[in-house]
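What follows is a single structure, written as structure tokens, with notes after it.
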Amino acid sequence: MRKLLVLFLLAVIAFSLYKPLSTIEFGADRMGSIENPTTVGAYYLSKTPSELSVANVITAIVVNYRGFDTLGEVSVLFLAATGLGSILYRRRKEGEHSISISKPSSQLLQAGSKLIYPAILVLGAYVFIHGHLTPGGGFQGGAIIATGILLMMMSYKDFHLNHTVLTWIESLAGITFATIGIAGLIVGKTFLENFMPIGTLNDLFSGGIIPIIYIAVGFKVAAELAGVLDTLLSIKEK
Amino acid sequence: MVVSPVHFIAVPLLAAFLMPILAKVNKNLLRIVPGIVLTYLGYVSVVLMNRVATEGTIIEVLAGWSAPWGINLVYTPFTGFLATLMIAMSFLIWLYSFKFKKVDDEPALKYFILQLMLTTGSVGLVLTGDIFNFFVFMEIIALSSYALTAFYRDRNGAEAAFKYLLIGAFASTLFLLAIVLLYSQVGTLNMAEISVRMHDVPTSMKVSILVLFLVGIGIEAEMFPLNGWAPDAYSQAPSPVGVAFAALVVKAGVYGLVRITYTLFGIEGSGIGPFLIIMGGITLVMAEITALKQTSLKRMLAYSSIGQMGFVLIAFGIGTHEAVFGAIFLMFNHAIIKGLLFMSGSYLVYNTPNKEIKYLSGYGMKMPVISLFFSLGALAIVGLPPFAGFWSKLYILLAAADGALYGLIALILVVSIIEIVYYFRVVGRLYFGKPAEGSIMRKPTVGGMIAMSILAIAILVVGFYPDIITGYIDAAASSILNTDEYIKNALGAVNELTPVENIIQ
Amino acid sequence: MEDILKLLGGAAATMLLAFVVGATYGGLVRKIIARTQNRVGPPWYQNFVDISKLYMKDTAVHHGVMQHIGPAFAITASVTVLMFVPVLREGGWFPWFENLNFKGDIIFLIYMMVFGSLGMALGIGQTGNPNASIGVSRGLSMMVGYEIPFVLSLVSVMVQTHTTSITGLMEWQTQNGWLMFEAPFAFITMLLAILGMFHYAPFDIAHAPSEIASGPPSEFGGKYLAMMMTSGSIFAFAKLVFLVDVFMNGASNLVMLVVKTLLLYMVPVLYGAVSPRYRTEQAIRYLWGWPVFFGIIALIYSIYI
Amino acid sequence: MENIDFNQILSIAIYGSAVGLILIGLYAVLMKKHLTKIIIGLSIIDAGIHLLFIAIGYISNGTSPIFSEKGISLVSEGTKMVDPVPQALVLTAIVIGFGVTAVALSLVIRLYRHHQTARIDQIKTLKW
Amino acid sequence: MGGAILAYLAKRITPMLSSIVSFLAISSAAVVFFTMTSSTDVVTVSVRNFTLQFGLNAYSWVFAAMVMGISALVSLYNIAYMSGKDRLGYFNLNFTLAIMSMMGIVFANDWISFFIFWEIMTWSSFLIVVYNGIDEGKIGTKYMIFSAVGGYAMLMAIVITNSQIDSFLIADLINAYPTFGHGMQAMIGILFLIGFSVKAAVMPLHVWAPRAYSDSPMSFTAIFSGLLSKMGIFGMAIMFISVFSKASIGDTFIYSQVIAWLGGVTAVMATFYAVIQKDAKRLLAYSSIAQLGYIVTGLAIGTKLSVMSALFLAVIHALYKGILFMAVGAVERQAGSTNLEQLGALIRKMPWTFFSALIAAIALAGIPPLGGFVGKWMLYESMITSTNPSHLFLVILIFLSSTAAFLYVYRLLFGLFLGQEEPEWDHVKEAPAPMVIPMVLMALTLILLGYAPGLLFEPIANGMEFLGFENVGWQMSSLSNIWGDTVDMQYVWGSVVTLFVLGAIFITIKNRKSTRYVTTKDIHTSGEIPEAHENLTYAVDFYKPFERAIEPVMRKTMDFYYNHFGNGLESLFGFVRKIYTGNGQTYAMYVVIFLVILLLIGEQIFK
């Protein structure tokens, strides 16, 4: 009964989604010409190389045009990490020993991950440092780093991150972001304004504040994801 | 540094990022910092409210890109009013929860951060002029609310939070889907710009988008079939969080609903008005009759809160200046009154099993001041003169009468009677009988008393002299109703995407 | 000055008349009832003897101030009613009996008739005698019973004649004939109502000599009782005069007065002489049955005639 | 001709899979009793929407919006770049989705800890 | 005239300390009121886009004077009555607030301030009703529900009125009412009447009253029943006389008829209930309802005489019911009980209280020559002389009720003050002077009004002329109806008092010397010898026979129906709220269903 109802509902939703989607032609160019943009996307494409000198338009959007979103996004991550800590916090009772229920991993995995781990970290760092030039950026890089840490956690059951360090990284990165924003407000009248020299397109040191923010974001994301993973994994049964 | 709306978001975020570090330095800083931040923001609010009253809407461009390319903050009298209200309420919540938890407790750290983020999210949501940014702030609110709901380490907290999360995730999903469809049609995310371009969107598409938006934001605004999460969350969250829900989260939701229906789609002749009236009416009735049967005080307050939101929706649905005025007034009143009720109510039920009303007999003697506060709140929220709640109810009823909606008036009043029944059941009980043996009264903290006193005084002052606030609300109502004005202000003179003559139609 | 003298003289004369006639009627009634029940009965002047004897007796004990003034209430009520009722029709050969009858009206008289009972009841209440209290309870309850048809009848008469003053009623009757015939239903109602009003059987449960020791006055003796009996005599006469005034256009001379009042008085007396006793609720239900029905018919009759 | 066909197929495939993901996710949320599965369902819905968003920003034969070579000019080359905005937004949306999922999972852990079950229909202490 | 209000507002905070302050506040306001009556200035307060007006007119002066005079006396009584009780601050705050708000109501020139003060009155009195804390909150809640029904009906009428004429002024409604459409007239009229009827405790809306009256502290009940309920009368008079009479007769005739009959039925039923009560407070509470029934009937009949009688009765009722409640309060305070079946023979212990109560009872019963009779007489005469046949039948109801009133009046006096003395009550003393003085003063006023009702006719006639009657004639001490029949109260009063005094003197002189007082234990018992400890007073089920006689109409009370209605609703609500199942997935399902419904019908509703 319930199943039928759900299927019916899904059918209606599918139909209702089909209707508007059928009017959106796939692959059609809705941006308008660059000279006379009808969407903001086209405008970004036309302005980014010249005014921000950032090769990756998406990065430009994420960090600059819509940097405020990203600030919010970072906050969401921060919130997730904080919230997780708050939700999963347990007051340790006297004499309560936590015993990990996970078994140690195989030798192969341990050796392999030891090998790959630095490489992953380097890759992550690369991705977020070059976020304004190549595909990728702070989030992606941070995520890559976090996967590396996850790998280590899975391999070594005693692998633990120092939460104090994570907190410092998180906070400092966040503060950097917010401070740069406020600096923009002070220097250039608007919050998050790109007040630094933009350099030339496709240079590593180009795009003004964009790479700095992205690097901060990268650190922050990495720290937070790692922190979340660590918190989730360190759930112990009594 | 010149005061500007972005301070509302940047400063608390900075503080929130800073707080984990500060906590390492000195635990006490943790409690104090939000107070400082909120005090500063209060100052900002005052300055900006004055400025907006004299100079009109303030537009803050972010990242140096003016709308529609960048994100902008739009500080109209309406958004400004709400932001100010939220800041003020947050400050009181902070006062109330100042001694909330022992500071060396790990969660206390999280608590203050989360509360601060909740405030930031709500204010940001109200101020932003960008639909996707709106979505982001919605998520900030949502995440901090989830975490705060599950703050107490009992089973119910987690359950409530999970329900909230499940429904909240739906809300954000639908909202995002709506944004997707919207973007495909108008190619922009700035709300003013969207509003201008909305005319060209085909009707069926428009309806789909509208429906998705309505359901998405209706969840946050506690519209009837979508509000299953609300009573659980309200009743299981720590009481300052309950206050925050009533004063910030729901307000933000209603704001979103109003912004989307009024500005993006235009309320006149679109069928949205009657829809809001009907849904508001159903919400009101359902919530109030459910509240009538509640045995737990906080749950009762939660349903009552939902009911009030239904009432607000009705008023916004009527859509005349008078009605919108009443609705905003009601939002204000609901924030302060429900704040007082939650604050005092939580002290009352602090030591009762299950927070049940039936154990409250005779607390009027034992906790006279708290009981007085609660009674005051109850009197005010059911709209008895001369307290604050009366005026908003009166204005909404007047608006309904002007629209010849007599059935609606009768409905509202009948529901008000239900409301009176359950509130006065509690008030009556407070002054009846002897308290049960061994019931321990929780002594209110100084900060809590101050916060409650401020709210009580506000209720009385607004009740006796509503003109103290009506000027602001009038301006707010005008600003929300005048979409053209909003578009003109938000987009400013620089608008290359849309010819200027199209803006004002 | 002369007016006041005339007034006082008239009042005194009326009271005397009322007392004499009332007490005589009382004696007659006792005789008649006795005869109906195949007894010899006391002589007709027995009431005078009783009252004189009681006035001469000294009272030894009392139970408080209300017992003192209870009889005073009673006599106030009966004399006041008498004062405001025209004993003889205007222009009769004995003008002294006019008293204050232009200054009151029927509603006032209705209320005044209750005054005495209530005052008495208070006096009785203070004695604390259970029999007396039971009597009061029954009496008051029954009063509610008979007042309704009584008032219905009077209201319909008033509506028919468009006056609420008793002198006005009599003027109307002089022109249009007796209300007894002009308002037959009202008269029937009244006849039924006075069955209850005079407290004779079957409506004598308030006194019920054999059951509750005569009920209300059981704690009164000597001068108190004498006063109550005086008041009772006057009151009975006043009521009769009132009824005669309303339905039979009063009387122009004393002979007619005696005839008419006696005729009217015989109705409850004779009915009572052959009836057993009703319980209180039976009495009330009876009085709210047919009498009220006739009363309503009377009212409709008077409205639409 | 071939081109159009390919485009249509792609359209059906992508839109279809996006909608399909949404429906699958919805089904999971509405029908599955296990909390974790419900959360997975939510994630799947999210994924579907992200896919849809990207698809909407896609332009036939467009390239990614990265000026990978120096001095590249947009229009003159005849190459089109796809709309970058959806991609940027999806990036944000993904991160947000991650946050929600993380919190959800932590709640599941809490719930399991308290109730010793993860079936949603058995966790209803709070009702009415 | 705002001075009086301001005096209140200023003093409102202070009664936190003692009832004396409250008395001072009220009496000073009373002094201010009575010395400033000549001023007719209008105080205007503006709130956003409308203005509130306060002012005094000839009509409201009657009520204002009544409120001020009586509440000043009652607050004096209150000092002694409430001494030694808990939470005086709480009580006195609300006490003063209630009185203040009544003044606000009569001062109000517009509906908004009328409503504001109306509701202040409601909740402050609610808080007093729950003060004693009896019966688990049911009474208070009931009172609040009914008041809310009434208040909100009124509010609805007010906002609808405003939407029609864009003004809140009472005067504007009066002028504009005839111009409304048929349905609008009916709606506004009915809503207002519901609003006022609740406070005036008219029959189907009366169930709150008995318990609310009897469970409040007596010093407030004197106000509650005497004055507060009169606010309903106040408003009703405006409706009936000013508003309806301007409209075409046919439209509003039916309301007047309905309300008049409701008033009559109220009077009868409440009287019956009063008769069978065992508790003095409850008895008086029902009696109040019955008396209000007369007043309502008088207003609804709407002739010059009937309205005058209604207003006269309103004032008189405040006086005598004030006395009675205060007397019962005094008994309660001194003896600790108000149970008519247990108390007795307090007359020797509390003579002044008895005296006042006796006078008040006589007035209540409507027996000449006191003020009560004047009002009753006018009421009957107005009905008998009415051209409307239905009023003639109504007379029967009213008469039945007022005859049955003798029963409970007697019961009250008998139960409290008469009967056999019990050792249990030997300790009882006369109430302290602050309690006795107001009672005696008010009793003397009643006697005075019996002699010269014109003292009260003058302001009432002025008020009625303000309301829209023309040439309201009155004489100082003579009553007359439209058929030209009169009752001369001077003669009535003179003869009754003279005879009574003569009779009393006679009997006293004759008997006083020779008799001695014996306790009421020492009585004739028809030969039986009572045990010393036995109390033979016949007080339990005093009117059992009467009860049996009226039993058919008493079987089901309105309360019964309301309770069933309430329970039915509650179980319906209980069923409805099951929709919140507690299962998160179900909620998600609701969301999806709602979404689907909207998607399906969206095109239709959103154009």
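We call the chains A, B, C, D and E, going by the order they appear; numbering starts again at 1 in every chain.
Here is the rule we go by: a contact is a pair of C-beta atoms (placed from the backbone, for glycine too) under 8 Å apart; a residue touches a chain by one contact, two chains touch by 3 or more.
Everything quoted here is computed from the prediction, not taken from an experiment.
Fewest steps needed to get from subunit A to subunit C, stepping only to touching chains, is 2.
Touching subunit B and subunit D at once are the following chains: A, E. When you average the Cα atoms of each chain and compare centres, the chain farthest from subunit D turns out to be C. Of all chain pairs, the one joined by the greatest number of contacting C-beta pairs is C-E.
The geometric centre of subunit C is 35 Å away from that of subunit E, both derived from CA atoms. Averaged Cα coordinates give subunit D a centre that lies 70 Å from the centre of subunit E.
Centre-to-centre, using mean CA coordinates, subunit C is 101 Å away from subunit D.
Subunit A and subunit D have centres, each the mean of its CA atoms, that are 15 Å apart. Shared interface positions of subunit E, defined as residues touching 2 or more other chains, are 577, 580, 582, 584-585, 588-589, 592-593, 595, 599.
Shared interface positions of subunit A, defined as residues touching 2 or more other chains, are 6, 9, 13, 16, 24, 30-31, 39-41, 44, 66, 69, 72-73, 76, 79-80, 83-84, 87. Listed for subunit B are residues 132, 136, 139, 143, 146-147, 150, 158, 161-163, 166, 170, 184, 189, 204, 208, 231-232, 290, 293, each touching two or more other chains. Contacts between chains, counted with the stated touch criterion, involve the pairs A-B, A-D, A-E, B-D, B-E, C-E, D-E. Within the complex formed with subunit D, the residues of subunit B that make contact are 132, 136, 139, 142-143, 146-147, 150, 154-156, 158-163, 165-166, 168-170, 172-173, 176-177, 179-180, 183-184, 189, 231-232, 235-236, 290, 293-294. Note for the complex: subunit E touches subunit C at residues 344-345, 347-348, 351, 358, 362, 365-368, 373, 376-377, 380-381, 384-385, 389, 392-393, 395-396, 399-400, 403-404, 406-407, 409-410, 413-414, 418-421, 481, 483-488, 491-492, 495-496, 499-500, 503-504, 506-508, 510-512, 514-526, 536-539, 542-543, 545-546, 548-550.
Every residue of subunit B that touches subunit A in the complex is listed here, in rising order: 1, 4, 6, 9-10, 13-14, 16-21, 24, 60-65, 68-71, 106-107, 110-111, 113-114, 117, 120-121, 124, 128, 130, 132-133, 136-137, 139-140, 143-144, 146-148, 150-151, 153, 158, 161, 181, 184-185, 187-190, 202, 204-205, 208-209, 496-497.
Taken in their complex, subunit D has these residues touching subunit E: 26, 29-30, 33, 38, 120-121, 123-128.
Within the complex, the subunit A residues that touch subunit E are 6, 9, 12-13, 16.
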